[in-house]
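Okay, got some structures for you below.
Each of the two complexes below includes chain A, the first together with chain B, the second together with chain C.
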Partner chain A sequence: METASQGRVQQHGIVGMSPGAYARVLIFFLAPAVLVYTLFSVYPLLDTIISSFYSKQNDGSYVYNGVANFVTLLTDPTWSAPFWNAFINNIKFFLIHMLVQNPIGLLLAALLSLPVLRFRTAYRTLIFMPTMLSVVIIGFTWQLILSPLWGIAKMFLQAFGLGFLFGPWLGEESTALITISLISVWQFVGIPMILIYTALLAIPDELIDAATVDGLNQFQAFFHVKLPLIWPTIGLVSVLTFVNNFNAFDLIYAMKGALAGPNFSADIMGTLFYRVFFGNQLQLGDVSMGATIATMMFLIILCGVMIYLFLIQRRLQRYAF
Partner chain B sequence: MRKPVSAFAVHAVLALYTALALFPIILVIMNSFKAKRAIFNTPLTPPMPWNFDPIGYSKVFGDSAIATYYMNSITVTVGTIFLTLLFGAMAAWALTEYKFRWNTALAIFLSIGIMVPIRLGSVSIIQLVSDLNLINTLTALILVYVAQNLPLAVFILSEFIQQIPRDLREAGRCDGLSEYNIFFYIILPLLRPAMATVAVFTMIPVWNDLWFPLLLAPTGGKQTITLGVQQFLGQYITDWNAVLAALSTAIIPVLVLYVIFSRQLIRGLTSGAVK
Partner chain C sequence: MADVKIGNLHKSYGTVEVLKDINLQVEDGAFVVLVGPSGCGKSTLLRSIAGLEPITSGAISIGGRNVSDLAPAQREIAMVFQSYALYPHMNVENNMAFGLKFAGVPKAEIADRVNEAARILQLEPLLKRRPRELSGGQRQRVAIGRAIVRHPKVFLFDEPLSNLDAALRINTRVEIARLHKLLKATIVYVTHDQVEAMTLADKIVVMNKGRVEQVGKPLELYYRPANLFVARFIGSPAMNTLAATLDGKGKAAAVAGVSLPLPAAVSGTGEITIGFRPEHCSIGKTGIPARVELVERLGETGYVHARTADGAALLVEVKGDPGLAQGAEVRVAPAAGHLHLFDGEGVRLAGT
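Let's look at the complex of A and B:
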């Protein structure tokens, strides 16, 4: 190896290459990615955060006014009511995913990872299928199924003698958000399933064998041996769910439009952001307030990621296997 | 060894959930081929000669530019994947292979985008795109999607490049190959499996995205299929034949591709499940 010094990469350069040529190599490889990423991702994000500290004057110019936009958003009733409504709805949206989607994903992954299971690939492939489809398609499909006009959902409930439970779930203030959340759960359950399934497969068989030799049955082996080993993955699934849920928009827009009706009962941060920024039947678009809401979303997502990195990730260290 | 969880119970749960996952999709596709009366009276019967009616499809293909929308989606997705892989692999190579002062800082800078959704910068993206005169162009969509997908691509490809034996590049350098040739002729071909993983991660969200097409290319025949179907459905909301046919038109190609590539796709997801 020592003789190959001619071509070795050294500190700040390659032997036999002038500093200028080395810089050209670096620029050639790095410039495209760095330029596109900076211009279309980092710059817009920073610019949005900066815009949230400015407000539009009557002459159309923008003037710095500190945190006034945030104060307005959080205290002025015309802004704070929709904001807190969307924020609390978004928390409900997230909690439904955490309490329904991720446990179902865990259950399916646990079953799929059982040894000697027939049709494993078929189950895995088919259950993951809805995740592949566009949210728009899923939204409309469920709208049709739940529609009283078509009556599919009602027919199914009646078959089990539960016909009285049926109602226009998507149209009622009290049930619209829960219904949409469950549709989203139905579509995306494949993601926690696949992530947890992968983690379960990575657990060495000897550990499970040892546990069964010690007299644990399958359930005990799962809860006492496997589950503790996949906590890091469950932490990762949780933070992904958090980021995706607080960034969600498509499903509610596709099913309910920008007004996220009835009476904003399904409004979440993403739809509020869209409505404020672009305007709608009720109000004109507002760039500063749109940027302010986007910045709030950024802070919320940042909090979630930080909690994950500093509390969960640190305690669990890196992946154990 | 004790009797494990009853195999029957396991299959019952999995089969039931599979049915729940597939039922809505099958129901829509099935009914899209039926006459209106049959859709409402016997929704659970498959299409048969006596209830067959392709009226919905003739509306979808007659009234809307669905073929154009498909081409738009294909252009955007393929363009995004190509540029993400090329730029991502180049950057990943430079960051893992070369030593320079800002190496670590640049790697951290690029990885911010893995966790922060680009959507939050939309207010400024739309301003930027309109300043560049790119509103209602597919170029705008491609550039935004490349920026969105580069961080994860660089991350996955870097991990992979680190596993390529050092001797390969040293040998190339000894043979007098330039750095450019080492990358394009030695490294890039070796990256193929990792690139497949990145392509999978890139493809699905780009194809299905509604947000950026709505913001950046909502009109002018530059809609992607996802947005095009959304607009079509809004117009024809009461015409069930047309709605079911439009939904099926959007579902079927994705399902066919999925069934063909599901093995690679799931392998990609499980091997690259680091996001």
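Let's look at the complex of A and C:
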């Protein structure tokens, strides 16, 4: 028996180390990560999901009531109207990032990788800079810039005789969400740029030389050789954008407060969740409904990521050079 | 096919001069090999011919047409890169057809040319595969195929065999020689493998530090190197070189304390360098005294490593087993007619 157990130890452990010592080593290295991850990621997620199946009674206790919260959220007009409003707005928020931020990021990355470019590092740093700034500062600064009273945007347009173009973009229902989205695009465009730029750098120069000998100009070489090779990175950037956008909250809260006005026109899932969970003005905080919205957000993101993993990523071929 | 003429070509990166006054003629249908140590500018010269590097001054003409200011695609050249540089996202067929599509060649002709190249290179079963599904040797053939379909006037190869294993390298070398005969192509080929250079070339260009040291037929470089650099660079194992002093009449040279008679009188006096190849000397009763340091026995031949009293290394190739032990005192005599003499600057002495 003893030899058999020793044999097993040697298979799974480290030669010459007793099973007890090996277990201690395992725990020593694994425990910090497992603990932190469980405490700050797994537990809150599970607790949120569990909370969404309970509802608060008048005596303050919580009672299990199945999927009733979800039914309420999706069918009761007082809940479903704000929910769908936030959901649609969130999709718009995401689409603006996909259609503006990522193409601009791609363009900037392509420009950065031009061999003749000077001051490359300076451009890269400058464009990446807003990403590192606090959202509160960004929100405040842009509010000042766009202010109809003293904002520099108005004076700037007037100086070119384009004053008629100016509007109180942050204050109108039709433009508030778009304006905030574009500010977010401005802030985060550095991230797709850096990711795509890194992918472009990995493409060997000889490949572009070969394309040049084949008669392609820089532009054509980009579209026919480089672009097909960086689709996997663009896919990754898209899924990151999706996750970030559906978890967004801070910029809208910093610029428009929890009400995401005017008239909830800039309300997205994050701000809706905030109002419901913590309460706002006359609205009382509701842990159960808040958890229900949070669980919906989790499911939406899960669906999006699954679609990416199982439908899109499989079609994108990764290339090693 | 066409000839290539390079006149007074200079190329600098900023203040660093990488190519210095290169003059070169490649005859129509010739196979020219550029050799030289790493960093001497072979790739830069090849890329200049291709138009991938702008040149600082000078002229390049292909088939009598000055191409110095033309884009690579207009120079009617094709290049095979060291890393093959196949488009990873296209199959073999599209890799070969890609450039032709951009040049506006009609579909039917593209198909003909691709099929012809595939037949010549035995690529037919592989046409639908992606590069990553090919072995190194197959990728190499696709890269050559991509060059062939362009029907170029000049083929440019940059160390095309360096990523292949030894056996495949020999096969592909033979293959390239066969293609050269078949296509009657003008080829400029960069390598730092001597055997490739000697076996493939009609003409070898030896480069060093951005200059052309010597241009000549393979055996010319072997038998009559124009200077010490070429003497040491061509031939494996490398030539023995020793400091020597010419006597007043130019009839003998004093080397390591003995006087070596020279085959013909040379003009000049003073310090020179003599050279002779390991295969062109023997161990005997006369000659340069040296002490044996190591004997390598390879069976058919053997190499005797020896050192003279003033510390110069000598290598002698012998038939079979020389029967010498370490520490033995020997004398090394260069074979008549195989002694090379170089002046103080390392240039071959006139009349030798």
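By definition in this document, the second predicted complex is superposed on the first by the 305 of 321 C-alpha atoms of A that agree within 3 Å, B and C clash if a C-alpha of one lies under 4 Å from a C-alpha of the other, contacts with A are read in each partner's own complex, and residues count from 1 in each chain.
The rule is simple: contacts are C-beta pairs under 8 Å (C-beta built on N, C-alpha and C of every residue); 3 or more make two chains touch, one makes a residue touch a chain.
Keep in mind it's a predicted model, so treat the numbers as computed, not measured.
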Contacts of A:T212 with chain B and chain C, given as first, second, both or neither: both
More chain A residues in contact [chain B versus chain C]: B
Partner chain in contact with A:P204 - chain B first, chain C second, else both or neither: second
Partner chain(s) touched by A:L73 [first = chain B, second = chain C, both, neither]: neither
Contacts of A:M255 with chain B and chain C, given as first, second, both or neither: neither
First, second, both or neither for A:L229, with chain B first and chain C second: second
Touching partner for A:I145 - first (chain B), second (chain C), both, neither: first
First, second, both or neither for A:I180, with chain B first and chain C second: neither
Touching partner for A:L45 - first (chain B), second (chain C), both, neither: first
Which superposed partner A:L106 touches (first chain B, second chain C, both, neither): neither
Overlapping contact positions on chain A, where the chain C interface meets the chain B interface: 212
Chain A-facing residues of chain C, complex: 47, 50, 52, 71-73, 77-79, 81-83, 85-89, 98-99, 102-103, 132, 146
Complex contacts: residues of chain A adjacent to chain B: 4, 6-12, 14, 22, 25-26, 28-30, 32-34, 36-37, 39-45, 47-48, 51, 104, 107-108, 111-112, 114, 117-119, 121-130, 132-138, 140-142, 144-145, 150, 152, 155, 186, 194-195, 197-198, 201, 212, 217-219, 240, 243, 247, 249-250, 253-254, 270, 273, 277, 287, 290-291, 294-295, 297-298, 301-302, 305
Chain A residues within the chain C interface of the complex: 204, 206-207, 209-216, 220, 224-225, 228-229, 317, 319-321
Of all residues in chain B, those that touch chain A in their complex: 1-2, 4-5, 10-11, 13-15, 17-18, 20-22, 24-25, 27-28, 39-40, 43, 83, 86-88, 90-91, 93-95, 97-101, 106, 109-110, 112-113, 115-125, 127-128, 143-144, 146-148, 150-151, 154, 169-170, 172-174, 179-180, 183, 204, 207-211, 214, 226-227, 229-230, 233, 240, 243-244, 247, 250-251, 254-255, 258-259, 262-263, 266, 269-270, 273, 275
